[in-house]
Amino acid sequence: MIKEILKNVFLKKQAIQFPEGFNISPEQTVKIVDFQKKVDTIFHRSLRIRQVDAGSCNACEWECTALMNPIYDIQRFGIDFVASPRHADMLLVTGPVSRQMELALKRTALATPEPRLIVACGDCAKDGGIYKGSYAVTNGVANVIPVDAVIPGCPPTPTAIILALAELIDKVAR
Amino acid sequence: MNVQLASHLNSLLASFILLTAFGLVVQRRMNALLHLFAWQGFFLAVSTAIVGYLGGAHDLYISSILTLAIKVVLLPYILHRLIVKLKIHKEVETVVNIPATMLMGIVLVIFSYHLTAPIRELSTLVTRSTLAVALATVMLGFLMMITRKHAVTQIIGFLAMENGLLFAATSATYGMPLVVELGVALDLLIAAFIFGMFFFHISTTFDSLDVDQMARLKEED
Amino acid sequence: MNIDPFIVEVFQVAVLLIVAPLFTGWIKMLKCWFQGRTSPSLFQPWRDILKLFTKDVTLAENASWIFRFTPYLVFGVSVIAGGIIPVLSMDLPLSATADVIALVALFSIARFFTALAGMDIGTAFGGMGASREMTIASLAEPAMLMAVFAVSLVGKSTSLSQMAIVISQGHSLLRPSLAFALLAFILITLAETGRIPVDNPATHLELTMIHEAMILEYSGRHLALIEWASMMKLFLFAVLGIASFFPWGIPRNGELFAVAVALPVLLFKLAGIGVVLVLIETGLAKMRIFRITEFLGSAFLFATIGMLSYFMLE
Amino acid sequence: MLLSPISIISSSFAVLLLVLALTPFLRLNQRLLINVGFFLATIASFFAAVAGFWSLADGMTTQIILPIGLPDLPFHLRIDLLSGYFLAVVGLLAFFVSIYSIGYVKGFLGQRSVTHLLVFYVLFLAGMLLVVLADDALFFLIAWEMMAASSYFLVLYEDERVENRRAAFLYLVVAHVGAIAILLSFGVLAGLTTGFSGFQNYTFDAMRAAHLPPELATLAFLLAFVGFSAKAGVIPLHIWLPEAHPVAPSNVSALMSGVMLKTAIYGIVRIVFDLIHTFPWWWGAMVLVFGLVSAVMGVLYALMQHDLKRLLAYHSVENIGIILIGIGLAMIFTSFNMSLLAALALIAGLYHTLNHAMFKGLLFMGAGSVLHATHERNMEDMGGLIRFMPWTAVFFLIGCISISALPPFNGFVSEWLTYQAFLLSPALPSPLLNLMIPLGAALLALTSALAAACFVKAFGVTFLGHHRGHHGGRIHEAKWSMRLGMLLAALACFGLGIFPTYMIRWMDPLAEKMVGGKIAASASGLGWMWLTPIAAERASYSAPLAFIGILAVVIATYLLLHARPGAIHRAPLWDCGFEKVTSRMQYTATSFAMPLRRIFGFLFSIKEHVRQFPPAPHPAFPDRLHYHLRVRDRFWTWMYQPVIDVSFWLSRRIGRMQQGRIQIYLIYSFVTILVLLIFT
């Protein structure tokens, strides 16, 4: 165990530095570079996310899990996932909101203290995605609760999620 | 190294021996048991050496080296081989649950302290206070042999008892004559080998080392 | 020149309030490093607290006054406890307010109200957290008292500053009773402050929660107070350990230079404690709740051996 | 001599007699009867409390001999420090409870006549006062029987339920077994020393003077200990307590649990420290062990209860245990002539006696108001009562904090003193005791922590969360007089917790008289705010500072955070989005205690099974599950069941002789006569 720890401490897996290693457009690059600064200014350098699975296929959840791993390591920005909407600043909703989850989603939004952000993560959450038009879904989060930002992609890559958070924070800043 | 410091060290080692004895009683995993046993032997060896230094009894150095060789290196190695060969990793269940065993152990320690009180009054050695610990170690080894079902843990308990006896000898009377100790050491080795074969036979006969199985040996009437 | 004890007292409480979140942040950093990750900044806990203070409070409809009163009480208890333990000086105006036993009782009144607040809302998680917390606390209590007993045998007292004075004299490193009491105290600290292997402060799964489950309903400034108080509790157990086992470097009285030296010494010791804590937390996995009996049982065993070895060997 | 403790206490008896005299005339107007009767009882008990406080304050001992009683066996009465202290305890709680009863007993109006409730209440009160005043064995036993009998009728008050009759009978049996033991003990003390000729040495003075040989003293002590622990509910003689206390009217159970058990403590202290006053250390060790067992087992059994009053009854067992721990330590220290530590331990025990009277009375009064409001004793059907009865909730919470030994209330002070007595035990010369006694301290710590857990359960399940029962709307706050009684008791709990140094200064002469040591000077060495039992550098505790400090921080934080207007939104509770949360989904008392039930399960006889009802087509989708759990006192099956079986067997055998034919009976008597004639 000690050997493991020492290995971890001294030859550390390098977390990805934005924007290197990503083929993303320059203006996004700009956003990413000062992403840290934005998190700092607007949320006192601390953003707590509550992830809500509104009938998703769990692909998006896997990507959100990837956010926590040593490669993307979103915690270093002061962003973290929490266990209760009461503790959260942002709801990250995945999945086309199925009828069963509609009320639950509303109540979750109600339970989140102001100021709060609501992000629809993934194509399903955007407009129902491949489930669009099904009688069992409400075709996207926006039809249930007001949405501050949408992250396209099926599923969106962790990078895309971080980029979108950057955009969103821009919007809040304005 | 002045006498004061040495006796302090000795009492510290005594308490460590007591701790390892308790650890042997409550530990479930076999490898950890072996490690604990080796540590106990190590503490015993060091304390023997210190007692030898304190009492100026230089044959104790030899017996400490013996202890180091046999109890820290040889016996654990043999037992380890045994465990690997018999594929034993942990004791599934003990006869009495662990917290209860701890309480019994505490009571035993108090009892042995009470027993050795008169000897403490008589003896004049610097190390007399560790006698209670030695007795307690013996009793804890016994407790271990009682509360465990597994044959290997029982032999470890037996060896721990022997540690206690040796410690008692060194702390009460600055060690037994060297011949005796040599004899004891030899016996231990032989005992270990015999136990080893014995286990093989048990495990081949009952394909288990749970000594409760031996109840099957008695006549069914 | 000597500083007035009251000033030292105020300074010490200020240090408690400021340093406690940094201590938690330091532990988080070490953890990230040990897991080979880029760590958040040392000030992350402070940022969380400040952010929470600016947020609104969302209160359950059926929350009674107990639920709203608890955060303030818990916070107040931690602050007062911080004034009692000798951290920067041994003569403090508040140090006679409580000895170790009364100090433990102060913590347990905070726990009592937290548990009530958990049951106040009437959710299953709150009740579950309260039940488990009280169970573990009642198992930790005998071990704690036994450890106190062992230390007070050496220190000839249960008042903290007195124990610190007596232990800081003499070569007490070689005392087996203190060694075992320290061992027991570490296990108890893990249980009382809800660290791995007893409880996982970073868990997201309600069913594995103990302390978190009781505060799931809190938000905004209430949550900020409770989180700050729990950081302070961790800090306070650390300085309690320092005061009763490694009191070297705590000045006997409020002499200016000594106090000035005491602060870096304290930070150094805390850094060391952080390393030990993180080694334990990285090395061990969280236990099943019914294994905690054996965990705290062994804590009791260590403390008792400490007590016995005082009588038998010293 | 016009105004002295003795005159005040006699005037209080006069008031009690007045109540008995007025009862027949007021019988027809029950409401007036309640008002007048309990008001007069209030005054009487107030007088008793004043007399007690006064006689302990100026430390005088007055004896009077009543000419009544058996021919040339007059009754002796005496107020000394010890009886003064217990007068104060009894009087103070009876004062609160009598105020409370004015409102509480009105709840019975229209259901049944309260006349005999009042009469027996008054007799019960008088009995308890006389027990602590009696100065000879005869009068003591008469008062003791008066107390026992009247409380038996009080337990039997709601006699239409069969369980009440059973409980009352059990209580009567145990009480009388105890009384016989006490009688024998007095017989040993009074008779065997000087012989029975010219029986004049039945007074306590004679017993003090007599010097018993040690084996007789031991015999007397053992008998007395058995007798008094039967009354005090020491395990294993506690069996009647959790049966009798719940079924009695709550004001009576407050008195029984609060002070009637204390008369047994009085008896033990009186006999050990006053009448025998020289004894070996193992007496103390025995008392200590029984105290520890009662404390731990009592609280563990209490944790398993979900009947509020049963739970409180088991906690009485626990607290009696804690008191006995203090007294046992005092006995051990005395037998080694360590008077200072003995004084500390004795004061700890007696202080806990007073504290337990206060908070247990308060808790039973609170439980009574809950009963009064919901007509429920089962906690599983309560919940959320803090919204319906806020005042009762606050008072009950204060009681819970006090009994859980949490600062700054009174329970903590006495337990802290007991811990100090434990921590000073290494001064004892016997190495064995040095090693054993700390384990006792650990058990005490376990006890108080478990008590905290138990009262989180009691308060949380009863007053917090959602209401589980069906009559949510009809629940009402308690009447003003009930609230007043609880308020006074709560204030007493708070005052005893904040000003311990004054109390100790007041109790100090008692300790000096009993064990010959005094700690008041050292106890307030730093001033009245700091309690420093032996010395300031040994240990110190300041309830006022802790209380004021925490209060100040709380207020400051509150104002600081509310300077900035931060909105508070009320929202539905966070149910993970699952909107159909019902009150049945909360943690119940049973589920709260489950971890501890599993850890300490080997101490109880637990029967637990889950049944599908009706049998479902598929085991995974049961229609309804029926969960049954029964936790029983092991002592019942160990000790009492065999006795019952044997007695039934015997009676069946003797029943054989009963034939119903007159000739057979004639033969029996004839044979008896013949046998007698042969052997004379």
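The first chain written gets the first letter, and so on, giving A, B, C and D; residue counts start at 1 in each chain.
Note that in this section a residue touches a chain if its C-beta (ideal position, glycine included) is under 8 Å from a C-beta of that chain, and two chains touch if they have at least 3 such contacts.
Keep in mind the model is a prediction, meaning the values are calculated, not measured.
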| item | value |
| --- | --- |
| Chains touching both chain A and chain B, listed by label | C, D |
| Pair sharing more residue contacts (C-beta pairs) when A-C is set against C-D | C-D |
| Innermost chain, where centres are averages of C-alpha coordinates | C |
| Whole-Å separation of chain centres (CA-atom averages), chain C against chain D | 36 |
| Geometric centre distance via CA averages, chain D-chain A, whole Å | 60 |
| Gap in Å, rounded to a whole number, between the CA centres of chain D and chain B | 50 |
| Chain C residues counted as touching two or more neighbouring chains | 55-58, 216-217, 220, 293, 300, 304, 308, 311 |
| For chain B, residues contacting two or more additional chains | 106, 110, 113 |
| Residues within chain A bordering two or more other chains | 84, 86, 111, 113-114 |
| Those chain pairs that satisfy the touch definition | A-C, A-D, B-C, B-D, C-D |
| Touching residues on chain D, where the partner in the complex is chain B | 431-432, 435-436, 439 |
| Complex contact set, residues of chain C against chain B | 171, 174-176, 179-180, 293-294, 297-298, 300-302, 304-305, 308-309, 311-314 |
| Residue ranges of chain B touching chain C (in the complex, touch as defined) | 5, 8-9, 11-12, 14-16, 18-19, 22, 26, 98-99, 102, 105-106, 109-110, 113, 129-130, 132-133 |
| Contact footprint of chain D on chain B as seen in their complex | 106, 110, 113-114, 117 |
| Partner chain C, residues of chain A touching it in the complex | 1, 5, 7-9, 12-13, 15, 43-46, 48, 70, 73, 75-78, 81-84, 86-87, 89, 111-115 |
